[in-house]
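Pasting the structures here.
In what follows, chain A forms one complex with chain B and a second complex with chain C.
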Partner chain A sequence: MKIAIFPPNSLILADLVERRGHEPLVIMKEIRKKVKDAEIDSPPMNITEEDPIKGLKYAAIEVPSGVRGRMSIFGPMIDEADAAIIMDDAPFGFGCIGCARTNELSVFYLRKRGIPTLELTYPTTREETLELVNKINTFLDQLEDENG
Partner chain B sequence: MVKIAQISCGTEYSGIQKEIEKAASTFGAEIVIPHTEIDYIDEAYQKFGFTCASSGIRLMIARAMSIVEGKSEADAVFIATCFRCAEGALVRNEVRRFIQENTRLPVVTYSFTERTKADELFIRMEALATIVARKSILARQKQEGLTLGIDSGSTTTKVVLMENDHIIGSGWVPTTDVIESAQEGLDEAMADTDYRMEDIESIGVTGYGRITIGKHFNADLIQEELSVNSKGAVYLADRQKGEATVLDIGGMDNKVITVNDGIPDNFTMGGICAGASGRFLEITARRLGVDISELGPLALKGDYKKALLNSYCIVFGIQDLVTSLAAGGTKEDVAAAACHSVAEQVYEQQLQEIDVREPVIQVGGTSLIEGLVSAVSDILGGMEVIVPEDSQHIGAVGAALLVSRLGDSSK
Partner chain C sequence: MSEKYDPKQNEAADKSNENKAEDNTSTRMIILSPTANISQTELVQRLHMLEMPVTIKSTCYGAMVHGEKEVVEEVIEKARQWDTYNIFTKDRGFPPGDPRRCRGHRGAAREGYHQLEKEFDLLCHVGEALKKPQKVKIDKVEKITVDDFKKIVKHKASKIKDEGEK
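Up next is the complex of A and B:
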């Protein structure tokens, strides 16, 4: 199944999802598609003027261009997801997209989708971390069972 | 190569990073990103003391701290955040102040949208590069020889012929075709002198049309208006030493520049709203049926509080003024309200962004509108506002001054 993760560039969450046989939806893959496109040349990520305009599907024109540019990439990933794992209060080293408003909007859209969603709080101790990994594994395995 | 440190949030996701780099490289500058280790981000953020939710904004703070603490090298700083981001706007301003208080680096700030293009950033990048790379030219205090300065502005073209520290001819014409208008201004400036084109030792050009007319007249100096105008202002106002603030309310944009010993060290530019420009006053004068030269004295006789002006917009604001006239308001009050509205907007949008230093030298064509000068002084709490003689020719004078003996110094 396709699993949206939040933060959408968390290598740890992506790895956990992959290990249980699911496909993590991560921004690295989307950016990779963009930077490999020979037609565009807008470094570093080949986001052009058109992308924040595409983001209007998720946020209105009075929303800053940086939010809309981000949503033009994350929005379709959210739309595509079959399930989601959201990590709240994660430090930026765990994964981050740089903008608090985009975080709020992305999490809201994930919740609004009504897909199976696991919301977690970033662990601060070893015990909490082990428990968290178990929760994620159980969640992912249950998805497998439910969907055969 | 001049290194411009970029401190920003959202440029990559807005798709404008390339435009920023293009604008800098056009003027021989290079964009560098201040170095920050991941642990340093939190350390710098705590030290700075501004609580913010976005990690991109925290990174901005850390990058600014990195420059102030000497962990990264830069010759100038460009600070930018997304237009309409409140957190970005707050931090953009505080970071600017922080860098200015703790370094001597020139700083420019900008709020961008996805539509921001390199040419909108040209003037800012060029000014940053000039302040760093051409300090010796900006230090020039005296005009020598026979030089010509052309300021190809968005509304009018100004031409000045100078000889040994004196203006000996000037021309002021509306800008239509950039080259034709410059030629017309040039003819006006030369008319009262016995000189011919071949007698002119060097030509300096500035303003929006500077590149086109610079090529056409084979100019020796093609320079953006920020450094040229500030130089022209302190020269004409005889304030070449010490601090001052130059205010130029133009036809298309406004510039506020702080200078120290004639060299600009900070500036802001606005150009989003026509209601805060000279154009608003031009249209007001037309609606009042008076010449623009009469608007200033008229405004001095009026009371802005007596005319209803609910909108800063050039369209709705003018409608308000017409409504006031229809309701029996006087032309004087309406003229005063228009001047007050422009001054108030310039204050709200720009003067607050900069630490205004006395004296304020008001220049450009709008400085001849006495009502506007008086409104600016009022809004600044009675601060001294100087309008030097020939203030409308400031750019052309600055260009003629900066280009004088330019050949000698470069040889």
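Up next is the complex of A and C:
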């Protein structure tokens, strides 16, 4: 199954999903497509003319262009997902997802999809981390049981 | 004799070129947990010993492997077996040494490194949890009723009012 993870660049989430035999939908794979695009001079600083159009599907024209640009990458990933794992309160400056409004919009769309979703909080202690890992594994096993 | 321009043939050639240009490479980061049983040097040595057609780069957190997708996946699968609970991997968008991201060219930590540093601190606990899995119950989040919501609003409003009077 394709699992959307949030933050979409999280090492822990991507690794745990992969260990259970699922495919994590990570931002790195999307960025790679941009990096390899000969049309773009300095990815991901620049975008193609198609990107704002893609972004418009997820964010209205009044929404800041940065949010729209980010949504053009996050949006298709959300559409593709069969299930989602959301980790709230990830440390500030979590890689390329430093835009709070895009994060809110992405989480909103993930919830709106109505797919099985697991919501967690970013762990800070040993106990919290153990609980987080066990919860993720239980959630992924349940998905397997439900879908065979 | 010059050949006649055939748009259909040209289109087909363009498409085949597009397919050829389609990227089938992948870059994976191999991150060692602080409690790993193998060192970063040992990891790189073992990767080289596999004699697979991949580019291997030694890094401070472990190693980076770049090559054909299928080959990289095979390498990752083998690498995980060396220390299952302490070797973590994730994809990387940019290939190793890419001047747009490489620390050497930028003169500072690359984007995403700080996040990796934060998650690195938790990896030993993640490994511990994977080693000793426990069954947990996942509580389903339910929507609150309108009455409950009204109570929360009233409670919050009275708090704000009290603070304002102070």
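Basically, the second predicted complex is superposed on the first by the 135 of 148 C-alpha atoms of A that agree within 3 Å, B and C clash if a C-alpha of one lies under 4 Å from a C-alpha of the other, contacts with A are read in each partner's own complex, and residues count from 1 in each chain.
Operating definition for what follows: a contact is a pair of C-beta atoms (placed from the backbone, for glycine too) under 8 Å apart; a residue touches a chain by one contact, two chains touch by 3 or more.
Values in this document were obtained by computation on a predicted structure and should not be read as measured data.
Student: Let me test your reading of the model: by the given contact rule, A:100 touches which partner, first (chain B), second (chain C), both or neither?
Tutor: Only chain B is touched by A:100; chain C is not.
Student: Of the partners chain B and chain C, which touch A:67 in the superposed model: first, second, both, neither?
Tutor: first
Student: Regarding the shared-chain residue A:47, is it in contact with chain B (first), chain C (second), both, or neither?
Tutor: A:47 sits against chain B, while chain C stays out of touch.
Student: Contacts for A:57 in the overlay, against chain B (first) and chain C (second): which applies, first, second, both or neither?
Tutor: Neither partner.
Student: With both structures placed on chain A, which of the two partners, chain B or chain C, ends up touching more residues of chain A?
Tutor: Greater contact footprint in residues on chain A: C.
Student: Which holds for A:11: it touches chain B only (first), chain C only (second), both, or neither?
Tutor: Touch status of A:11: second partner only.
Student: So which bits of chain A does chain B touch that chain C touches too?
Tutor: Of chain A, residues 42-43, 93, 96 contact chain B in one complex and chain C in the other.
Student: For the complex, which residues does chain A have touching chain B?
Tutor: For this pair, the touching residues of chain A are 41-45, 47-53, 62-70, 92-93, 96, 98-101.
Student: Which residues of chain C touch chain A once you look at their complex with the stated criterion?
Tutor: 21, 23, 26-27, 29, 31, 88-95, 98, 100, 111-112, 114-116, 118-119, 122-123, 125-126, 128-130, 133-138, 141
Student: For the complex, which residues does chain A have touching chain C?
Tutor: Going by the criterion above, the answer is residues 7, 9-12, 14-16, 18-19, 26-36, 38, 42-43, 91, 93-96, 118-119, 123, 126, 129-135, 137-139, 142.
Student: So in the complex, the part of chain B that touches chain A is made up of which residues?
Tutor: 9-18, 38, 41, 52-56, 58-59, 82-85, 87-88, 112-115
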